[in-house]
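Next come two complexes built around subunit A: one with subunit B, the other with subunit C.
Our next item is the complex of A and B:
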């Protein structure tokens, strides 16, 4: 493991920032934190997590996909992508880092490959930061994510006045090589002490031991037809907060913008909570908020796992617990379903 | 005031009305996983109320807007029976009328919620007969993130209950509020500073639409932002311009109807002080057309829906100066 005195963090940022964009969590004027591009004088936030997840770096809110330019009767097709600079994201938490694998499985590890997403993934180096003070709303442990041992290209720990680094990938090694003059080699003892303390704290959090045995493919229909969705969704506003702060929500819409002399086609985040999410030329199969609400949780807990070796597409970051305007969230859904007696498959 | 005693009072009264058949549905707040994460909810049984109903300093959610949807369900059910009765009569003139379903909703309203409720009644969005409104006292609600009294409650405009069928606790009065202080501060900025302020705030917007969806003044059947042909659909905005446009259109649309309940800012995941946009409109309307509070009664005609020859032309700053010279209105 490599270490750097915490007092030299700014020097480290300067060194990394000199080679390309570096993003770190920064406190904003509202008292919450966002990832911001590092520049001299910008200080890293001590917040546990950013309002929005780190997915934005690879799956931005909006992204230009293709331009069509009209030239008389000819249409020129233009790929708007510019050569992307290599960038570094520093301070990603274990939950967000785990979410990348979940999105990768859809956009990179199955066909067709999303080349826009893949391009950003390839150019980004993720430096994760171990948690030390998990919130009561954190439950990454439920999905076997270790908050004290985050993944990513490089893992980092801040303990005892030092920052510890461990590289996990080739990309990570290249980053470490570039900053080696600042680093010293050290053993992992203090890190291990911090890890066991964090694990102890995490084990006492309220939602890390929820029972997920009901959420398997063979129970899909019974869950789908369960009555619980009526009550759970009754006051859902149909806003997109949960989906937009969620690190694993990855749905988008493709829209066209008339530029006057052509068309700019872009994609933007979409939300299954929105009324026109499934609107098609013929009809909309999800007419009420109940169907939309059910879709979101069935996708996270049943449909995605069915396609991806049982991996749930939730990482327990707790953002939906904090942001939902009516305080409805995946933990309440799991608990309510667990407390509801099983109903016969397909029956109501 | 929102202590265990008042919760028990609300609880026993709602159970009483429920068992007496006066109401069938109760819209209240449901206990969460922690103390602060209560959820607006519909209760239909005494058992559910007993176990899960709560009213404390975390019950900031304004329940009035749910009445739009819920009273419509009641009206639709009644219409269906009436229609069937008419159909039956065409076949058999002696057919007996099936009874119309009698459903009434009890809703708990804090003083500021009664303004939203009244405004919704005024705009014919709620059928009054389907609602049994119970006014309840409020000492200010807490912000779950900060664990302290929220900004909107520190500048509470009124402890008065405008419309209700029954009052639990004491009624209060309209208060001298400092709610326009921040608006004045922003007015005092140079145009560049002001632009930078709003650009900074609105740049955080993720277009989750929570501000629109929670807003009791936003009850359009089909919102312009749900229309893909409007150029500003409900999806994430294409650029900064669209982001600002969304908020500006919304502020204009609720102008003169916004009761300043502050729900927009409460639900914003990015802590954007959206209520300031609405307060600016309220302040301007007060200055241009005389004091007016949306939802403060059923009678006063809203200034944006009336016209007099002396009305200032509010579309240019010049007109406001002229209005000032003429002493307000």
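Our next item is the complex of A and C:
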């Protein structure tokens, strides 16, 4: 492992930031943190996590897909993408780092490849930062994500006045090579001590031992037809906040706008919680909030895992627990389903 | 290099035919005068009208036509209304081919085929029917039961009466909802007509139309001894990307745009009934 005195963190950021954009979590005015581009004088937040997840770097809120120029009956198509600069995201937590693999599996591993997403993934280097003070809303452990040993291109730990680094990928090694002049080699002892302390704290969190045995593909129709959805969805406002803060929500809309100087087609985040998500000219298969609410949780707990070797599309970051205006969330859904006796399976 | 799935081709609308009061067929080719891409019967394409929107539309023409693709489109929403006001020579953006298509070379091969369609539901089957005509010896008997509100609402009526009805071992049965003076054929709804015709349960069935037609016809076929595994349909869901990413057409562990739109009813029976 490599170490750097914590007091030299700004020097490190200066070195990385000199080679291209560097993003770090920064305190915002509402007492929380957001990822911001590093510049001289900007300090890294000590907050546990950012309001929005780190998915923004690879799957931005809005992205220009195509530009059209209309000339009478003629249409010209332009690919608006320019050469992307290599960038570094520093301070990504284990949960967000785990979410990248979940999105990668759809956008990169399932053909055809989403080249917009893949391009950003290839140009971004992720430096993760181990958690030490997990919140009561954290439950990454439920999905076998180790908050004390985060993935990413480089993993980092802050302990005992030092920052420790371990490179996990080729991209990570290149980053380490670029900052080696600042680093010293050291053993992993203090990191291991911190890790066992964090694991101890994580094991005592309230939601890390939820039973997920009910959420399998063979129970799909039984869960879909369960009566729990009526009550669970009753107060859902359909605001979509859960979707926007979720690191694994990856649905999007495609829209084009006449800018007065050509037509720009964008994709932007969308939510299955919205009433027009599936609305067609003739009909809407999900007419009430119950169906939309059910879709979101069934997708995370059952549909996605059916297609992706049982991996749930939730990383336990706890953002939806903190941001839902009616205090509904995936933990309540899991608990309610677990407490409800199985109903006879029924199809249509 | 492989064409980027999210970047459209430019297609030129070279011909527009008024089929019924609210259905037109659009012929589309590339700027180079050639077909935009090859396809399998039942596959779709996303037609994009910049600034207006995009729609997933089934390719109506058979892949055996070498020079062009055709789309029979009912005027229904923003994109389709815009297209209905377009003139030949208009360019549109096209992404495709999308979806799985019908199993014309596997499950359908060598089989007797029963096509059941209502209204614009004939459009996706049209491609299969003409594919079967082009490879006639690969398939058995063909029976087509097609109905619409009126004679004037039967899509591609000229081709049906002028070509399909003359094809060897083709039994074309048309019906309209209400009697009218210039119609001496069958009057009544498709599901009832199918039952009256009492087809042999040896047929493989390909069905497309409004949900109520599908629902009632399927129930009738089951009474006649047909099984879910031998009945196929093509689904409709709102779509944006067409490549299984944007999440809009997700039903259970399937994406209609990528894993469908063609499903057999035993496959659909395993999915939540959200369509």
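Here, the second predicted complex is superposed on the first by the 340 of 348 C-alpha atoms of A that agree within 3 Å, B and C clash if a C-alpha of one lies under 4 Å from a C-alpha of the other, contacts with A are read in each partner's own complex, and residues count from 1 in each chain.
Criterion: a residue touches a chain if its C-beta (ideal position, glycine included) is under 8 Å from a C-beta of that chain, and two chains touch if they have at least 3 such contacts.
Here the structure is a predicted model, which means the values were calculated and not measured.
Q: Looking at the overlay on subunit A, is there a clash between subunit B and subunit C, or do the two fit?
A: On the superposed model, which is not a single observed complex, subunit B and subunit C fit side by side.
Q: In the overlay, answer first, second, both or neither for which of subunit B and subunit C A:327 touches.
A: It touches subunit B, and subunit C stays clear.
Q: Is A:287 touching anything from subunit B or subunit C once the two structures are fitted on A? First, second, both or neither.
A: It touches nothing on subunit B or subunit C.
Q: Should A:234 be classified as contacting the first partner (subunit B), the second (subunit C), both, or neither?
A: A:234: touches subunit B, not subunit C.
Q: Looking at the overlay, what does A:6 touch: subunit B (first), subunit C (second), both, or neither?
A: A:6 sits against neither subunit B nor subunit C.
Q: Looking at A:270 after the superposition, I want to know if it touches subunit B, subunit C, both of them or none. Which is it: first, second, both, neither?
A: Once the two structures are laid over each other on A, A:270 reaches both partners.
Q: For A:250, is the partner it touches subunit B (first), subunit C (second), both, or none of the two (neither)?
A: After superposition on chain A, A:250 lies in contact with subunit C alone.
Q: For A:217, using the defined touch cut-off, is the partner it touches subunit B, subunit C, both, or neither? Pick first, second, both or neither.
A: After superposing on A, A:217 lies in contact with subunit C but is clear of subunit B.
Q: Rounded to whole Å, what minimum CA distance do you find between subunit B and subunit C in the overlaid structures?
A: In the combined three-chain model, subunit B comes within 9 Å of subunit C at the C-alpha level.
Q: Where on subunit A do subunit B and subunit C both make contact?
A: Looking at subunit A, the two contact sets intersect at 253, 255, 257, 270.
Q: So in the complex, which bits of subunit B are touching subunit A?
A: 32-34, 36-42, 61, 66, 144-146, 200-201, 204, 206-210, 212-214, 226, 228, 233-239, 266-267, 269-272
Q: Quick check: in the complex, which residue numbers of subunit A touch subunit C?
A: Residue positions touching the partner: 65-66, 68, 70, 73-77, 79, 106-107, 110, 112-116, 217, 220-221, 224, 250-258, 263, 265, 267, 270, 272, 277-283, 285-286, 291, 295, 298-299, 302-303, 306-307, 347-348.
Q: How about subunit C: which of its residues touch subunit A in the complex?
A: It is residues 2, 4-8, 10, 48, 50-54, 76-78, 80, 87, 89-93, 211, 236-238, 240-241, 243-250, 252-253, 269-270, 272-275 of subunit C that touch subunit A.
Q: For the complex, which residues does subunit A have touching subunit B?
A: 28-32, 34, 51-52, 61-62, 136, 206-207, 231, 234-235, 237-241, 243-245, 253, 255, 257, 266, 268-271, 274-276, 321-323, 325-329, 331-332, 335
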